[in-house]
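Next, two complexes with chain A in common: one pairs it with chain B, the other with chain C.
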Partner chain A sequence: MRRFEPQIQGWLLLLPAAVLLVAFTHYPAVATVWHSFFSTARGGRAAQFIGLDNYRDMMDDPVFWQALRNNAVFALGTIPVSIALALLMALWVNGRILGRGMLRLAFFTPTVLPMIAVANIWLFFYTPGYGLIDQLGSLFGLPEHNWLGNRDTVLGCLIVVTVWKEAGFFMIFYLAALQQISPVLGEAAAVEGAGRWYFFRRVTFPLLMPTTLFVLVNAVINSFRLVDHVVAMTKGGPDNASALLLYYIYDVGFRFWDTGYAAALTVVLLVILAVLALGQFLILERRVHYQ
Partner chain B sequence: MSAVAVEEVTKQWGETRAVDGVSFTAAAGSLVVLLGPSGCGKSTTLRLIAGLEAASAGRIRIAGRDVTHLPPARRGIAMVFQSYALFPHLTVAENILFGLRVRKVPAAERRRRLAKVAGLLGLERLLERKPAQLSGGQQQRVALGRAIIAEAPVCLMDEPLSNLDAQLRHEMRREIRALQQKLGMTMLYVTHDQSEAMSMADQVILLRGGRIEQDAAPAALYDRPATAFAARFIGTPPMNILRSADAGVLLGIRPEDIVLAERGDVAARIGAIEYLGADSTVTCMLGGETVLARVQGRVGLPAGAAVRLSWPRERVHLFDAATGRRLDDTMSPPPAAAQELGERVAAAAGG
Partner chain C sequence: MRILKTLGAAGCGAALLVASAVSARAVELSFYYPVAVGGPITKIIDSMVADFEKADPGITIKAIYSGTYQETITKALTALKSGEPPHVAVILSTDMFTLIDEDAILPFDELATGPEGKKWLNAFYPAFMANSRTGGKTWGIPFQRSTVVQYWNKEAFKEAGLDPEKPPKTWDEMVAFGKKLTKRDANGHVTQWGLQIPTSGFPYWLFQALATENGAILMNEAGTEVHFDDPKVIGALQFLVDLSKKDGIMPAGITEWGTTPEDFFQRKIAMMWTTTGNLTNVKAKAPFPFGVAQLPAHARPGSPTGGGNFYIFKKTTPEQRQAALKFVEFMTSPERAAEWGIKTGYVAVRPDAWETPAMKEYVASFPAAAVARDQLASAVAEFSTHENQRVTKALNDGLQAALTGTKTPAQAMKDAQREADRILRPYRH
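And now, the complex of A and B:
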């Protein structure tokens, strides 16, 4: 009996954290999967086990496919651009330039703003007629444009807002990583005759790989997780042209109160995220040099 | 023609003159050491020659070519950094080959040179490792390999051994010297360790406060230090500098020239004895002054014992008290006859 005492003690110490974790993370996750196999309880009719019916409905749901497609476009539009931009900005403000403190602050500001505030700023930019973009356009004689009201441009507009918001955040990680790279490496390369681009390609970029992986995983998760601006700017419209997967789940779950179907959609979202994150780690891990 | 010629070079940062009108030449195939205390401008001088800093004034020639305004890569130099500056994500082979790849040397030629350098430095079995998997000494060798594979006529080294332990430092010292002679490179080598300078150099340039204190062969630096500073910087323990009866003159005597004897010129008292194995450093109280003497083996006398000191007259160095400059170079005949020297010291020391 005595032998188990330290173990019991250990488990007791873990208990509070474990309870919180189970109550707020593990249980809801499992419950979501469980609920996705049930119909939604409606007006006196209790929830019934319906197996994979929710998933079968999903296959036939054009809005689901549209949201998935939108989300793919949104991810492809935001991730590479915001990471590339973040890297560029970090390289720039890492150099010896005048007023780099101000520049760093300027680049980082969008990150600090709440998404709702960001959405409001950009709502003004996009306003047809007297919004900033149209005003600038009118200087060059361009016609008015309803940026957020047009199926063809609305998703692009959301992508721009997201890139604007995220790039500064990712820049901070790149900046921190760049400052870890000893300037002597640059001098050694200069003595060997390596140009700036060669040095970036052979040395800086490979040394930034751990950061890139981290940023990439975050960017992917964010592209499926960030919906504040959809809520604030477009509500998924027009005609679901800007509906992202999580926004659609919100719509189904909290506006149509179809909780069973929402649970099934959530499971799909989680599976997508898990596969993507795992894939990134497995593929990129081999190419990452950790110091 | 000298391999490297530095002409009146100055480097200024705001008010500080890190390098102040420095001129010297390095003969082709020689090992020139830039020596001096911390902050005297050794690294800055080397970096000016490498082209990693731009000179505020003056000219730098390498192999007769004015390179003052050329970028590092076009100066015909290789460099070893104090921290080695190895690329942490590249293997040893890739680190060594870095410069050849930049210059697009064909693969066959690259392989040939890598094999040669690896053989020279004993790195054959480490070529696939990353720098983090190497010991300090091995990393040092890789940095050396990266420098010599370029086959540049001039190799610059900034305190390449300062991160190694004493034993390894000793070994690498000899190895670098042998390599330099074997390959016939001109080497400019920065160190603050005077024993490193003395044992490796053909020519030592002693810097102080951004200026050259003395530029001479190691033996000349030891035998005829140009200033009191140079005299005290070279040799362990440092030279004794004593005031003399003539207020304008300082007397210098190396500890190893002092003999503790029954019958000597000067009476002194033993303060402390530091036993070092092959020899001992004896601190002697000579009136108000402290004189260090280096004697062979053990000293069988207790602290506080009375001794007499003597030294060969011709081993006394004279310096101008005001400027610190050596006197017998600038004045002839010497200000005092050799016979008087003993008495001068005795008089100055009051004993």
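And now, the complex of A and C:
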């Protein structure tokens, strides 16, 4: 009995977290998979087991493919740019410059604002005619532009908003990591006569890899998770040109109340995220050096 | 320990007493309502609810502002699925089929019985009841109802050499006026557009006006058939697309519903189509004299009705149902309907509301208020089917695809028809 005591104690310590995790993450995930094999119950008709029919419908659903494509473009547009920008800003405000505190604050402000507020601010920027961007443009004689009402520009507009919002957040992680790097390394490099770019490429950047991995995982998740601005700015329009996968799931689940199909869509989203996260950890982990 | 127990017991006793006192005194009703137009709507609702509670102290109303129409039905159905729907709600008249299919609401015929009740159910404009009845039952009571009207800037008309008192009466006139009203600067950039028919969010509504005027009917009464690929519907869409593409009198792409009144105030557009529900807002904010008129006609005049109905939810006790009925009767009484119409611009929903002294005085001082009412004669039921949200999305997507130039109007409407048929097939038996 005595032998098991530390075991029991350990499990007891884990219990509260485990209960929450199971109740709010694992059980819903498994239930979603289960529900995705059923039709949607409506009024009098109960849900029926329909096997893979929901998934078959998905294959024929042009809006699903459009949302998936949009999401891929959105991810490719936001992730590299926001990470690069974050690193650039962190390097800048890590140096000794005048007004450093203010600059850091300015870069971080977008993160503090709720996404809905951000979306509404940008909604005004993009307003055709008297929005900020068109007013600036008109100073240079540019015509007014219907940024969010045009299929070709709407997704780009959402990407810009997201990068603006995310870069400051990622900057904080890079800034913290940069301050962990021992100044001794810099001094040694200076003695050896290494240039700034060389030092960054061979010393700073490799030492930042754990942070980069962390930020990358977050950025990928966010690119599939953030849809507040879609709701506030475009509702997925025009003609689904700005529909992201999660927004489409919301539409199907809570506007059309087709919960069975929404569950199937959610499973696809889960699989995508799981594969991406696994890939990142398995492949990038090897190239990351933890100190 | 003993002290704690005593305290606990006393606390429970007190709570029980309070609870029983409340239930003996009052029926409490939760009431969801949306806000879809500009102006201080929540304050108006709160004051009307307070008046009701004063008139009927036995009933307490918990008025909950629930966002847009879209958010309101989402919240109501989510609450329904979790077992606690609101008792009363104002939801789009077009969501009637959805609410019936979800088995969420009660027909009013079961509550308003007897000759008095029958009389009340027939007190409203038939044009509004078209979206409130199906299968011989009345499921909704009209409350914040509207039609589409055109607003025009009289100053801009004068500048363009048009008679400021004469709005366009036909499509041809509208295009001709629009061309005169569209102003360009030296670089050829437009500084004032002739017309704006907003196409964001729910373009189907304003489009239904065009389709109706072109002589088309979009759906059947049972809500199981749509006619998107009717040549007249395609013709109406072609006309809408051409307003910016060929005639150059309307901004291209998707124009925002929410900022259209602002565009009008800023003189970026000389004529706009929007709900009469915006009337009081425009009256307060337009910095120039403006006019309101019925929509221009083509094959026929016409506009869909729009807006929200009162619904009573099924998950209620008999006392709550009676209380809810009293509340709905109060809110739609002639005096209240008149007050609501005057304060917002929505169409007072029954003819006798227009006979009240307050309304007569208002119309005498502001004749524009009666335009939407007069348009009811040619109004049609707003587009509504089973699985309304989904079928409407098919139509909206098709419209936006044509407006942004990714599909021809004919192709867009054929695709929308196919999608709608797929969704509606299970409801046709």
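The rule is simple: the second predicted complex is superposed on the first by the 271 of 291 C-alpha atoms of A that agree within 3 Å, B and C clash if a C-alpha of one lies under 4 Å from a C-alpha of the other, contacts with A are read in each partner's own complex, and residues count from 1 in each chain.
Heads up, the rule we're going with is that a residue touches a chain if its C-beta (ideal position, glycine included) is under 8 Å from a C-beta of that chain, and two chains touch if they have at least 3 such contacts.
Everything quoted here is computed from the prediction, not taken from an experiment.
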Report task. Record, for the superposition on chain A, whether partners chain B and chain C clash or fit. Result -> fit
Requested in this report: Rounded to a multiple of 10, tell me what angle the C-alpha centres of chain B and chain C make at the one for chain A, in degrees.
Outcome: 150
Report task. Return the chain, chain B or chain C, that is in touch with more residues of chain A. Result -> C
Requested in this report: Pick one for A:Asn120: touches chain B only (first), chain C only (second), both, or neither.
Outcome: neither
Query raised in the report: Which partner does A:Gln280 reach: the first (chain B), the second (chain C), both, or neither?
Result: neither
Report task. Considering only the touch criterion stated at the top, classify A:Thr32 as touching first (chain B), second (chain C), both, or neither. Result -> neither
**Report entry** Touching partner for A:Ala190 - first (chain B), second (chain C), both, neither
**Finding:** first
Requested in this report: Using the touch definition from the top, say if A:Pro206 reaches chain B (first), chain C (second), both or neither.
Outcome: first
Query raised in the report: Where does A:Asn146 make contact in the superposed view: on chain B (first), on chain C (second), on both, or on neither?
Result: second
Query - Minimal inter-chain CA distance - chain C and chain B, angstrom - result: 53
Query raised in the report: Which residues of chain A touch chain B in the complex?
Result: 182, 184-185, 187-194, 198, 202-203, 206-207, 209, 289, 291
Report summary line: Per the touch rule, the chain B residues reaching chain A in their complex are 50, 52, 71-74, 77-79, 81, 83, 85, 87-90, 98-99, 101-103, 130, 132, 146, 150
Report summary line: In the complex, the residues of chain C that touch chain A are 70, 74, 77-78, 98, 100-103, 187, 189-190, 199-201, 251-256, 259, 263, 266, 268, 387, 389-390, 393, 396-398, 400-401, 403-404, 406
Query raised in the report: For chain A, which residues count as touching chain C in their complex?
Result: 42-44, 63, 127-130, 141, 143-144, 146, 148-151, 235, 237-241, 251, 254-258
